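There are two complexes below, and they share chain A, which is joined by chain B in the first and by chain C in the second.
After this line comes the complex of A and B, so read on.
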């Protein structure tokens, strides 16, 4: 085994929060003596939590897409839109750029997160040493774009607050947006609970 | 720090007991699954029966958007639109809500509510902006049904609406239509719900609906009449124009009212039958009773007699003509006209009651033949009379004709046949004919011959006058003219007669003057008559007035 020794081999553990290095505890539950944060060699139960949250997010993503997210009432004409129908409507009514933005934020990004996190989880569980650097890059990407998919939720929230002209024009949020927001939050939690260091454990055991 | 092993130097972590089970994280996806499942279950529970409604057009309907409403509550939504197999109609698939599954029953009616501008007014204006929706009205039945034929027009009466429906019977629909208003004292209290031809095709039955609480104004004795349009009638009674209101002129309508006088005022029960009269006058008239058919044969032309012409008994309208047929009698080679009429004997009022009591009944009806028999004996005859001189309309008058020739009246004939008498106009014609025959008796020929001889004499006389008298007259006139010319010349200003006359007058003047001088001198010198005139005095001594002048002879 070449390369620098691992903390585990040296019997030490570092605090995630304040960076204090202390002896590795014999039991699982331990706290940093300086800042009180939980100490663990790797994020505790990371893979399982990530899986669970990811699965929950995926489950909620279905109603988020099926249920309408927004109701537009203009001159008595009631129009309920799901995410996809909203995108289609934007595209048809001559705002392709907006349609692309909404599509990216609401469809591409969540789907990408599901795929990337799923890939990372599977590969990590299989202790694959394949394309480690790229996988690390993907993880950073997922972390970065995570909150951008809240765009749709913000759009609905803003429109609901701003467009209140009674009979002439009114926008109301519908249950779909709640599911969509939950999906985004759960994927963010999911990517947070994933410990990228696990990826690097793989070659050690080979 | 020292050179000791780092491990010894490092602090010991605080050991804590585990606070929660790690597997609890799986609660999150489980929760998500539960939520998702509950949504599915909810949707499944919400999903009511799917029904199919067919319409003639899908105008205003949108798949996935158009709602189905009952009392303005959304009970379903249009799922998809498709053409029927024969491409004649549009099949609208509707997903009803679970709570509205009772709408998938027989008797439920569906129609599209869209803006409509009809003769009776404007409806569904709100759908101008919100888009059309499908209206529903549920019936009583519990039997399930999933295929419906949509109404093209909204129904006039919704199920369970307060009020009552009644059935009106009439001969023809007039200008009435579904939705035509029903008026009570010119206030709209209901509308025509539907109409159907009677099964035997001899009339029309209208179902009207009178909204509560006004439905109790419809009593057992209420009279209904058709208030449709402008009622213009030109008959023997003259020109007549009648309307209920401006709206009914366009859209038609039915009106009802209580008859005058005492009547049964108990509210009519649901679906009670009434007669729809043609107009208010007919409706408010006392009941006519059953009509009776009579026949009359006229031996003269009946120009101006039309079907519906009134039949009057002593001036009272008792019925109308229903048929006029030309007949042929080979025996006399004549063309009598057979006129059929429906009469309502009850219109004779009290007279009818007494006559009917005398006549008795036959076949459950008043024996009309026995009722008319004595009347005919007393001279009752049917006459075609001119009702309107302007239009020449005729009417049938049943009147007692004095000195009418006796006729045989067959009381057993069906229908009974009333004897006829020539009408007043026919009498006039007869009188004219009399005059013509009298005129024909005048000896126009001999009058003409005498006149001719007289005229010949006159001619001769005139010829004599022309030949002899006139030339002589001419000569006489000429002589007269000459005489007048000489007279004229004698009297002209330059004639010698005139001049002689002038000089004679001058002489006469002069003589008068000298006579005056002589009388003056004699007045002064009367002696001179005897002594003669003396010589003149010397002039200067006394100035006598013009002595010289007087001395002159």
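After this line comes the complex of A and C, so read on.
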């Protein structure tokens, strides 16, 4: 492989916690001599773990969208909101700009995570050298924005705590919000277990 | 801003790496590496770069994948400590004062973060309660206390008791604090509720806003440099 040298080719390894550079240890479960964190050349079992977590997240994402996340009771009127109907309501009654933000956080970001991580996994497994720099950028983007999906979960929690005027008006959380919260957490774990260095390990890309 | 990283030079790096490397073993502790001589390895693609002292506004980007490897920071340990203590005070304010007050007729209901968490616990949404308590209270609080402890000693170039453990914990807690998201969530809740009630943001939400700002400043700081700026205790 041409281009600047990579740590493994030089027989060195960097600690991901403290940044110390060491000679690559001969044993599998070595610890960083400075901070004690485990030294891995690549994240352990990265592809399989990422796939497993991503698929689990996707399975929870379906009930998260189908089931209502919040119930509004107003003068005996019961109104169940899903994530999408919540966005629509915000658009119609409140402010369209905020609706766009919630739509992005609750729908665009999770979908993008599934698509991006899926693409990264497949292309890495195929040892593809296609658009490596762009793929690296996509991975960083997904890592950076992932946790903003928790937005809707906090909105439901706040409204539940605030709106409790007995018969006149009341808000209750519904199971959809639990599924959604779990989806966000699982996708975060999934993107953390992906090792972007594996993309660059493909031998046929130079 | 100089965004052009210097091309790495393989042989020099190799020698440097060997110099600053503990001999394979884990037995010999604390090799005290030469800060600038040790190479910089990109965590995203494993490319080795030569490290150098950065001037104001400079950063080193990975030549292969474009990830940020290092960035200049004006704050020293003392400055960071001041920031953490400020954040801690603001955090207390944010948690004690209500975040939002809702009115319907003569009734007034306000809530704090903990009011929200306990409410979710009581409403069959325990998972949400636990996630909120962890990402909005326990993790941020732990982060600030641990940072404060470490920085208190780092000001004089020393490593606090438990330094390695704390630094590892801080690394793993990093992605799991969501104060920023909560602030945006409060904003959305206010707009949603405004259609039906009189809504009034309380001091708590402003405190959270300030906290978000402080957290944003902090997230740009690479804590790993504390390893190079402190001496292990003899």
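Just so we're on the same page, the second predicted complex is superposed on the first by the 188 of 206 C-alpha atoms of A that agree within 3 Å, B and C clash if a C-alpha of one lies under 4 Å from a C-alpha of the other, contacts with A are read in each partner's own complex, and residues count from 1 in each chain.
By our rule, a residue touches a chain if its C-beta (ideal position, glycine included) is under 8 Å from a C-beta of that chain, and two chains touch if they have at least 3 such contacts.
Computed from a prediction, not measured in an experiment: that's the story for all the values here.
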Tell me the contact category for A:67 with respect to chain B and chain C: first, second, both or neither. first
What is the contact status of A:4 with respect to chain B (first) and chain C (second): first, second, both, or neither? second
Applying the document's definition of touch, where does A:28 land relative to chain B and chain C: first, second, both, or neither? first
Quick one: is A:56 in contact with chain B, with chain C, with both, or with neither? Answer first, second, both or neither. first
Just chain B (first), just chain C (second), both, or neither: which does A:78 touch? first
Quick check for you: in the superposed arrangement, does A:16 touch first (chain B), second (chain C), both or neither? second
Contact breadth on chain A, by residue count: chain C or chain B: C
Quick one: classify A:115 as touching chain B (first), chain C (second), both or neither. neither
Touching A:155, do we find chain B (first), chain C (second), both, or neither? second
For chain A, give the residues common to its interface with chain B and its interface with chain C. 10, 12-13, 21-23, 25-26, 30-31, 33, 182
Mind pulling up the chain A residues that touch chain B in the complex? 10-13, 21-23, 25-33, 39, 44-45, 48-49, 52-53, 55-57, 59-60, 62-63, 67, 75-79, 179, 182, 186
List of chain C residues in touch with chain A within their complex: 7-8, 10, 13-14, 17-18, 20-26, 28-31, 33, 38-41, 43-49, 63-67, 99-100, 102, 104, 107, 109-111, 115-117, 119-120, 123-125, 127-129, 131-132, 135-136, 164-165, 167-168, 171, 175-176, 178, 180-182, 184-189, 191-197, 224, 227
Chain C touches which residues of chain A in the complex? 3-8, 10, 12-14, 16-23, 25-26, 30-31, 33-37, 74, 89-90, 93-95, 98, 101-102, 105, 132-133, 136-137, 139-140, 143, 147-148, 150-165, 168-169, 172-173, 177-178, 181-182, 185, 188, 192, 196-197, 199-200
Quick check on the complex: what are the chain B residues that touch chain A? 6-7, 10-19, 22-23, 25-26, 28-29, 31-33, 35-36, 39, 65, 126, 129-131
